[in-house]
Structures are given as C-alpha cells and as structure tokens.
Amino acid sequence: MIALQILLTALIYSFILSLLAMGFTLQYITLNVPNLAYSSIAFFCTYLTLTFSILKFSPYTSLPFAFVLGGTISFLLFKFLKLLKEKGMSIVGLMMATIVFDLLLYAGMNIYSDYLARNLQIYTASFSLVEFDFKILGLPGILFISAGTCLSLVILFTLLLFKTKFGIAMRAAVENYALASTQGIDVDRIVGIAWFFVGGVAGISGALYPLWFSMDPWVGARMFITIFAACILGGIKSVYGSIVGGSIIAFSEIFLSYFLSFFFPWVWSYRSVISMIVAAVSLVKMPEGFAGYISKVRKGG
Amino acid sequence: MTSVILRISHLSKRFGNMYVLQDVNMDIPFSKIVLLIGPNGSGKTTMINCISGVHIPDSGNIIFNNIDITGKSPHEIVKLGIGRSFQIPLPFKKMSVAENLLISGQNNPGENFLGCFKSNDWKNYEKTLLRKMFNILKIVGLEEKVDSEAGDLSGGQLKLLELARLLMLDVKFIMLDEPLGGVNPFLATEILNYIKKIRDEFKTTFLIVEHRLDIVMDHVDYVYLLSKGTVVAVGTPKDIAKKDVFYETFIS
Amino acid sequence: MIEIFLDIIILFCIYAIITLSLNLQHGYTGIFNLGLYFPILVGAMITAYVPGRLAMLLYGIDSRLDYSYNNPTVIDILKNRLIDDPIISITLLFVTVFITIIVCYVLGYLTAYPALKLPADYLALFMLCLSESTRVIGMQTDWLTGGVFGIMVINPFWWLGQNSYYGLSIFIIIATLCVCLIINKVCMSPLGRLLKGIRENELTAECVGKDVKKVKRQVLSFAFVILGLAGVLHAFWMGAVVAGGYTRVDFSYWPWLMMIVGGAGNNLGVLFGAFILVLIRRAMIVSKHAFSFLPFSVVWLEPILLALMLMATLMFRPEGILPERPQSIRDYMKKVLKLES
C-alpha cells in the first residue's frame, strides 16, 4: 500500500533526522562551533555497515562499532578544536578545522567506494540494505529500531541533563564555559564525553539509514542541508527544538514532495531543496525557530 | 531662555524583567554642555544607547531638532546630527589611526559601488578630508600615531581617538561616554577646554557622562543626576552640589 | 607543452576571479560565505541554457530537436553554423554574460535579506546549504543542465577555426584582467576602507553614519556577479556544464584555502595563493602515474592534500604568506591621491 510506504518513510526519516539534528545542536551549543563534518561522520559510518553486510553479517551488528567509530572521529575533532581554541582561533578558523575533517571523511568515503569498485567489483554508486532487515508484525524492523533509538535517547538526554551531576555540569558549561571551569567543573572532560557520545549517535544514525533508504556518495551533503534546516526550524540553540524541527522537516519533505509529485513529477528529487526553502522562510519569519516562538508565547507575547 | 535641542519624554527601557530606565524626562538645551552623572548601573550608558539608536526604547520618545528619532537606526541618527563615543573605546583595530578617522568622513562620494570608480570626485574629497584629519590629530595630540594600528594604542590614546573620530563627523550634538577615563588630569582639562571652545565656536551641544566629578564640574553648564533609572535632580553644577539627594545617591 | 601551460593559466584565471570575489566578501567585509558555488553554478546554468537555445532560435533550427535531449546533434549543427559567424558567436557570449550579471545581482540582493540576519557561523552554513541545494537542482534538471550527465555548450570562438581554444583562452585572460582592475579600483577607494571598517567593527561603523546593512547587501550582490562570471567562463572553457562537478570542495573549500594561504585581506596575496595551489593541484594530476600503485583514483588525494594544507596553515600561519598591512598615510597620499606634500 503506497500510503503505508509513505507513512513508514516519513516516520523512519523523522526518527533518524531527529537523532541527527539533536546531535548537531548539542555539539553546537557545547562548543559554539557548527560541526561541518557532522553529516560526513554519520555517513562515513554507513560504509562500515555496508562492509558488515558485504561480509554477510546483519547490518544491525555494526551498530556498536558504528557508535565507536563515529564517537572516536568526533572526539578527535573535539581535541583538534580545543587545541585551536587555546591558540585563540576565531570562529572562521574553527569552522575551517571542521572542514578539515569533512574533507578527510569525504576523501575516505570516496576512496573506499573506489576500492570496492576496483578490487571487489562492488558498486556503491547506489545501494540499500533494506533486504537485510527483519520484520515485526509485517512492519520493517528499522521502524522499531529507529523509533526506539530516538525515543530512548531523548529520555536519556532529559534524565541526564536534569537529574545527574554530569548533566548539571554540562548545562553550566553551555551557559558559560569559562565560569563553569572556575567552579571546579572539568568542562573539557564533560564536553569531550558529550562530543564522543553525539558522534556515536551520528554513527548509529548513519548505520541505520541504508536499512530503509538508498545510499549514494552524495547523501552526506544532501542530508547536511536537511539537518541544518531542521535545526533552524527548531531553534538554533535548542535541542528539543531540533527534535520538533526534525520531525516537521522530515514529514514535510516526504509528504509534500509526494503530494506535489502528482502535479509536478520531478519534485521528488528536490526533497532537500524543499527543506532549504522551509529553512529560508523560517529564518525570515521566525528567526528563533520554534524554541524562540514558544518562549515568546510563554512570556505573553 | 535657550531652545531645547533634544527632548526625552517618558523614556523607559528594560532588559528582560529589569527596568534600566524608567520614565525618564530630559531637556538638553541648545549649545550647552550637559553632564549626566549617577552611580554605576543608573542607566547612563543605556540612555546614550537609546538616543544614538543602538537600543530601541520600550516606551517614550526622543525628539531631536523637532524630529522624532525614537527607534531610528544608528546611522540615520548620525546623519541627522548626533554623534557618540563609547565607554570602552571601539576603534577599527586592524586599521591605522588615519584610516579610523578618514572612515568617519560623511558623504564620501567614493564610498559606494558606483562612486568608487569616479576617482577624480573622491580624490578631491579625500584631499579635503585629509586636511581636516591632520588638524584634528594635532588638536588631540595623536599626530605621531597617524600610521599606528589602532589596536596598538594605549587606553588614554584610544579615548582621544574616539574624540577625534567624533570631531570628523560634523555633528551638532555630541554624546561622550566617559571621555576622560584613563586620561591624565592635565590633558583632561585641555580636552574640556577644547569642548567648550567647540561649543562656543560651532554652537555644538554636548551630553557628557563622567565619573570624574572633581575635574568636570567646573566645565559644564547643567547637570542631570540619574539614579536607578530615573532622574532625581537637575540643575547647574552649583545647585546640584547643594542638594542632599546628590550625596545620598552616591553614598547609598 | 603549451597546452599544459595554458591550462594552468586558465585554471588560475578562473580561480583568481573566484578568490578575489571571496576576498572582497570575507577578507575585506568580513562576510563569512562558505557557499561560493551558488552564483558560480547559476552562471554555469545560464551558460547551459541561454547561448545554445538562443542560437537555435536565431538560426531557426528544427524545433523538434531539443537542446538538452538532442544535445550532441544540436551542438554539431550549431558548430557548423557558428564557425562562419563571428558576429552571432560574440553576441551570444555577451548576451550570456549580460544575463548572468543581472540574475546574479538580483540573487545577491535577495540572498542578503535572510542571510545577513544570521550570525557569522550560521551565515556560512546557510550559504553552503544554498549552494548545495542549487547543485542538487542542477543534478536533477535534465532540461536545464542535462542532469547527472551534463550538457555541452557552444564555443563562442569556433569562428577562429583551429585557434578557437586559444581565442577563448585569450578572452578569459582579458576578462580576468578586467576583474582584477575593477576589484583593485574598489579596494583602493574609500569603499575598500569602509568595507574593512565594517569587518573590524560593525557597530562603530554604524555609529559613524554608515548604513552597514545596505553596504553588505551591495557587497554580496557585487560578489555574486563576479562569481557568476567565473561560472560562465568555466562553463565555456570546459565546453560543457556538469552540475555535479561544482562541488563544495572544488569551488568553495579550495578558494578558501587559496585566500587563507595567500593572505586574507590582501588581493596580491590572494592571487599568489591561488597560483600556488593551482600549480600544486595540476602537478598532482599530471604526476598521477607516480600514484598508480594506489588502489583508488588519484583525484581523491586532492581533498586530503587540501585538508592537510588547511590544517597546517591554520596552526602555523593563519595570516597567510602575504598578510594584510595598513597603508601608511604618506603612501596613500603619494600613490593614490598623487599629492606631493
């Protein structure tokens, strides 16, 4: 049934996108540097999952490894950024540093693709691992796994942030990095752990992606647009906002492009452009995103 | 009876839930030097920010030369004739002192994308501007530093640069936010004398925020005392010094 | 031999134009634009669409043929016509340039409205995403840019016969010189000084009576026009437009490295940076035999090289090889104003 397919696509997409948007925002608010390599980290790990399935393992078994890989890359980037920050580097330089990682991952993904094509005759111009998925009640396993991951992470994050010392320390660090360090909080360790964790989640998101969607070397770049749009819509500095933004963008992309494709069949390929338009419009009309809108409503207009 | 060049009526400004200015009323008379004093946090810099367009007041209005300037953007307000300096100097750090001053030239024909190609026009303008710049540098005593990067100047020199930049602007109303901070007393008196000279020669009006009352009181025409966001006293320096509220405000 | 030499020169010209535009935006005005390839793509797309179809119209070529879907056939026909027609050829060239200028100017103005509201980091991201979206559109629109496979464009110098490639090259070199002269005029004028002031401190600039927002919009529009021109020249030079080839690495990150390595804020430095890096990139491609032991294509070493150079420059010489220095007033009076005292 087409309607069910569309709904499933929208749901799975929104879970994965929310995970990614959450992570991106978290990295941004902890270091005040948008991580341009973020999408590349996520989709670099997709190739790990691909490798697992080439080796005849279930893609789901790659999840813990994707977590570690994504987390490690993210942590290394964090260290590099810390080093540059200590040298007094401006935001331009720091973003350039994330570009360094983006480039290395970009090269890495393409080198691996090339290698698979030349040496193993495996062509990764477009692949999908849908067939490796399992089914529960006739519904694809990826739906439950992505939903489960997303929801459990939101709960974990909320608990962590408000109920543990670690979370309180992290909130302090976000509010005022310098001040928090004078209070005896090892801000670097906390933010480092946060970046590792977020990188790991990005890795998992990337690993889950091909279990429903088709993957090609340009997905990373396209998804970056969508992640950015989700964060803008939700409010640049709000983690919960990016979940809302992610869900809205995901559903808009899928439903809008499906709906519009009845009238304009070419629309389906322009999905990420739709997100871009939504982001641009929301920037003009609602510069602080949903988070800002809600706090304005709370304060009574 | 002198005319009023700037009238502030019922001005209020809050940040979050805190009111920094509450229902402030002020009349600045034409071609006079008005001193704005008050303890830290009384709202003096916010007042200057509201007048110069950096902040938009929450209520009330500001009328300058019969024009309502409330909420206008800073560059429009400069064009209407109001200039201001900053409490912590904000120079163009990587640019030389000369460039800092030359930028302040108004209506430079070379400062837009069409005009920059008409070099004869702007070269003539720049020659006049340069003459003015050298004059001003002499007056504030920064001649030696003409090619130094602004970022390399000392605190006191930066204050002088702020003043010099204002003099380049050709404005009728100048607001100085702590112009004497970090300046030695001899130079401070020189500056104040020069301000009086500008007032007399060019009929420029000044609004000065200053803490160094010992030096400044003798050189001003009127004083406004601000405390916790409201005006608590107005008068000539002699009158103000007699009022109890003057001492209460600073001691409390 | 001369082919390789010319190839480097032309590639340098195109990157010189791009990097000068970037220097105007970021080095001078402080606009952190990571999405340089948006207007470049627009210029390329206009080149993909306009000259071929206009030529078809002018020559009354069979309307059953579509420029895009019957591209090789149409190009053949057009070549046979244009080879004898220098006037139409040059007209097509200038019409394309003219349309690009107008479109890019308007786009620059429109983009400035949402974009300049953003803080620096998000502005960079926004421009990057805008560019990437345009690339996505380019890769999908068969009728405009031939989709994934690309589309061939005419050579406005076919009428030179054997020398058409040289004719085009000379045109590109002249165009580059013009851009250099124009940018130099802008930067040496009071406008250049104003742009640097805006970069240093926007608030102060506002408080000395400058309409900062308007100036930044104009800078963006102007810079977009220059980038659009680079796109047009690149498209004609390549003889084809493949939208997928305008990647963030090739048309945004490399120019950024060129500017940073050369010296942001210094036009000469930036040109120097562009030249050195074009040489290095070409050297790498030319010597790919040395890398043939690698189990993958040597092109993927380029982004790695870019990453390493970027990292090294950031850590050890962020101000670049020819850093920016304020001009002494005496120099200014003598050289620019031609005064004696």
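What to note about this one:
A, B and C label the chains in the order they appear, each numbered from 1.
We take it that a residue touches a chain if its C-beta (ideal position, glycine included) is under 8 Å from a C-beta of that chain, and two chains touch if they have at least 3 such contacts.
Only a predicted model underlies this, so the values are computations on that prediction, with no experimental measurement involved.
The chain closest to the protein's centre is C, with centres computed as averages of CA atoms. Ranked by separation of Cα centres from chain C, the top chain is B. Taking the mean of the C-alpha atoms as each chain's centre, chain B and chain C sit 44 Å apart. One inter-chain figure worth recording: chain A and chain B are separated by 49 Å, centre to centre, where each centre is the mean of the chain's CA atoms.
Remark: chain A and chain C have CA centroids separated by 31 Å (rounded to whole angstrom).
On the side of chain B, the complex with chain C involves touching residues 52-54, 73-75, 78-79, 83-84, 86, 90-96, 98-99, 102-106, 108, 110-113, 115-117, 119, 122-123, 126-127, 130, 146-147, 149, 165, 168-169.
On the chain A side of its complex with chain C, the touching residues are 32-34, 36, 83-84, 87, 89, 91-93, 95-97, 99-101, 103-104, 106-107, 110-111, 114-115, 118-119, 218, 221-222, 224-225, 228-229, 232, 236, 266, 269-270, 272-273, 276, 279-280, 283-284, 287.
For chain C in complex with chain A, the touching residues are 26, 32, 34, 113-114, 117-118, 120-122, 124-126, 128-130, 132-133, 135-137, 140-141, 244, 248-249, 253, 256, 260, 295-297, 300-304, 306-307, 310-311, 314-315, 318.
If you check the complex, the residues on chain C that touch chain B are 185-186, 189-194, 196-197, 200-201, 203-212, 215, 218, 222, 324, 326-330, 332-333, 336-339.
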